[in-house]
Amino acid sequence: MIWGVDVASMLLGGVAAGMVLFIVSVGLSVTMGLMGFVNLAHGGFAMLGGYAIVQAMKHWGLGFVPALVFGFVVTALVSVVLERLLYSRLYRANELDQVLLTIGLVFVMIASVTLLLGPENQPIRLPAALQGQIDLGIVRYRTYSVVLIAAGLLIAAALWLVFERTQIGAQIRAAVDNRRMAESLGINIDRLFTITFAAGSGLAALGGGLGAEFLGLDPQYPLKYLVYFLIVVAVGGLGRVTGVFWAALLIGVLDFVLKKYLPQGGTAFIYAFTILLLLWRPQGLFGGAAR
Amino acid sequence: MISPPPSGPLDRPAAHALAGRHWLRAWEPIPWILALGLFVLFPKHLAFGTELLVTILFALSLDLVLGYAGIVTLGHAAFFGAGAYTVGILAKRGLWTEPITGLILAAAVAAAVGLGSGVVLLRTRGLTLLMLTLCTMALLEEAANLAHDYTGGFDGLDSLPIAPLLGRFEFNPLYPTTQYLYVLAVLFVCFLFVRTLVYSPFGQSLTGIRENILRMRAVGAPVRQRLVLCYTLSAAIAGVAGGIWAQANAYVNLGTLALDRAATVLIILVLGGFGRLYGAFIGAVAYMALSHFLSKVYPTGWQLGLGLLLVVIALFANNGILGLVETCSRALRRRGAGAPAPGASAGQ
Amino acid sequence: MPPGGPGDAPAAPLLETRRLCRNFGALAAARDIDFRLEAGARHALIGPNGAGKTTFVNLLSGLIRPSAGQVLLKGNDVTRVVEAERVKLGIARTFQINRLFRGLTVLENVYLAVAERLGAAPSMLRPAGRRLDVVLESMRLLETLKLADDAGHRVSELPYGRQRLVELAITLGLTPDVLLLDEPAAGVPSAESHVILDAVASLPRDIAVLIIDHDMDLVFRFADRITVMVGGAIFATGSPREIGANPDVRAVYLGQAHRG
């Protein structure tokens, strides 16, 4: 009985963490799959969004949900500006240039935030309704973790609808599968990319805000978690929303389980797992054939 | 020896240029003269100087894989750390303290890691390869953290006993004169090796792989074999850099395996100009001089400035300082010659 | 039936395919192709766009693997042999779109190919320029193709027509027994294309050459034998006169013109 409760609460914790990983990483996966662009600054957008959300709640008294919306919109706008000014110049460039640009951007983001708001962690005050515990029948669990899971499922469902049922979703899927063919069909890839980039960065902001409670929110966030986001994207397969979803859940649960049973070697296990998986399937679990 | 006829194909300027590519240029001794000058004129800054020389060696090793073979890696510190910990663990446990042979061991261990990882990783390319280099390095860092009985974990291993060089010259942490000259000598030897390699047919084929990997396959080159060999040699040199860092500082810690170190060496090489032997020198000097002055005084400002610099480099000057110098001198030469480039057509 | 010239005994094929197939998903890009190429052959491969000609050449050179069937080079089964290994066995090709080392000089481009062939490439300790045998052979090759004056210039600085010649030079540096030319004059302004054509015409007689092209003048002037491919399969094979007079071949081309 106790063992079952333990497992359930661990799984819930892992799934909640996985949901946050999913929300942050899905934008990265789609933009990488769409343009083949290595964006190491993606975590920076999550951080910027998280900061915007926290500041909105602290200084302007916005509620939690309005602050989330605010964070989404502001980050999406900032990302569009950066995309038009900087990213778009390097779409046909080689990988090294993209790595350099995005590392540079991350440094600028981190330094700006440190200069403006200091290097300390930004605590987020969750609304009272989301704090505490909730009774799920078998087990009492943290309300917020349940909320995260619900939010993740909601976003996943919304994305699924967009990708499977709207024209723009179909265009994105086509372009991820075969960019050249999509272009020859008249799809404006550049415009598609701007939209996807903005949405992806906005989602990252949501993830940054939602996850601030347990991932923390400090200027080192983008670099601290960079490898994790990249792992989720690579394991899931570039450009595949389902892929990112399952990969994020897998990594989230693995991380939680390992922290409990193998507190020393957990992270090493995840790295080793990623290496072995990518060697066996370089395109990730759900990715299409290599470009 | 082939003796060509009096005005045969080998007398063409192009053939001459190729034949003489490896000759010593007039300005090539300058970095070494400057390094000795530092030793004589600035004896109080030898600790900084030693760090600078080690960084140059590390950046040189990265240039082999990045600048000549075209492998983009964010995990090169894996080999630096492998070499450093080899020296550190052997010294701390009293198993091996002789410096020169210690370096050979460091190179061997790092080369083994490079060979092992290269054989599997270099089957992939692009983003997957980048990811895998990151993961390999992160895995090594975690492993070093876990094996804290051997590696000292987070604190690292300090006060490493290093035997006197050649039995006579002590490594004194307060007056690093021996360290400086030792590192300079090692750098010189490694540089000669890299320079020879780069100008050899092997080095030329690496350039070919970087320029057009598909064409290299189409001329029958065993591309993956060459890449793995290059990666292994580069790992060995990075291991020497790590080993010598551990010896000079009598210290080794997890920072030798960190993303920070790998990213910094990449930035340094790009700043100086990759694929041009001396980019490592220029990049290291520029970066460390700036960082030495700015990052202590104003660390956040330094990070902001560095970030902006990287953005500018990525967009406009991805061949670094040496690349800019080259473009300028080519433009000057063309203006001097008057005529435009022969047979130049727009857009090709 | 093996072609050969009039009165010649049938020669063993240098290059042969047996029931070669390649599918891309539902698309059959190559269907049961039986093909032979003899030493000294001057063979042209023509057909409407999308007929699968380049796919076929890719199968021959080893760039892609067949779904079924065999490729034989000098009687040996090379179906499982990768591209780089096949080059060593004596088959080389040019690409429809140049694959050159654009940042390197013309001499360096050809040097790389010759160095691979002569086994000089793995050498790590001698300077590249001191391998005079490689340099000499590269320069001689450039002289044959009238590229010697451009030997020291970067490929990216040359006009497209001369770049196409460099593509040919690199491939000839491999001294292949079988040479596959994929639209050698493609993209070359007509004022310069004669240089390519002259170079092709003066190739060593003992090499077997397969050329893909759309330029019918070139094809009919160059080829001893022509194969027509349509929809991934061989449609007709014969001498230039036979193909020229074949009404079905005309229909296939005219049909394409109507549709396309």
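Every chain is named by a letter (A, B and C) in the order it is written, and numbering of its residues begins at 1.
We take it that contacts are C-beta pairs under 8 Å (C-beta built on N, C-alpha and C of every residue); 3 or more make two chains touch, one makes a residue touch a chain.
As the structure is a computational prediction, the values presented were derived from the model and not from experiment.
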item	value
Centroid comparison with chain A (C-alpha atoms), farthest chain	C
Which of A-B and B-C has more C-beta pairs touching across its chains	B-C
Most central chain, judged by mean C-alpha position against the global CA mean	B
Separation of mean Cα positions, chain C and chain A [Å, integer]	49
Centroid distance [mean C-alpha coordinates] between chain B and chain A, Å	34
Chain centre separation (chain B, chain C; CA means) in Å	41
Residue ranges of chain C in contact with chain B within the complex	61, 82-85, 87-88, 92-93, 95, 99-108, 111-113, 115-117, 120-136, 139-140, 142-143, 148, 150-153, 156-160, 162-163, 170, 173-174
In the complex, chain A residues that touch chain B	32, 36, 38, 86, 89-90, 95-101, 103-112, 114-115, 223, 227, 230-231, 234, 238, 264-265, 267-268, 271-272, 274-275, 278-279, 282-283
Chain B - residues contacting chain A, complex	66, 72, 74, 120-121, 123-124, 126-128, 130-132, 134-136, 138-139, 142-143, 146, 259, 263, 266-267, 270, 300-301, 303-304, 306-315, 318
Chain C contact footprint on chain B (complex, rising order)	1-2, 4, 8-10, 12-15, 17-22, 196-197, 199-205, 207-208, 211-212, 214-223, 226, 341-345, 348
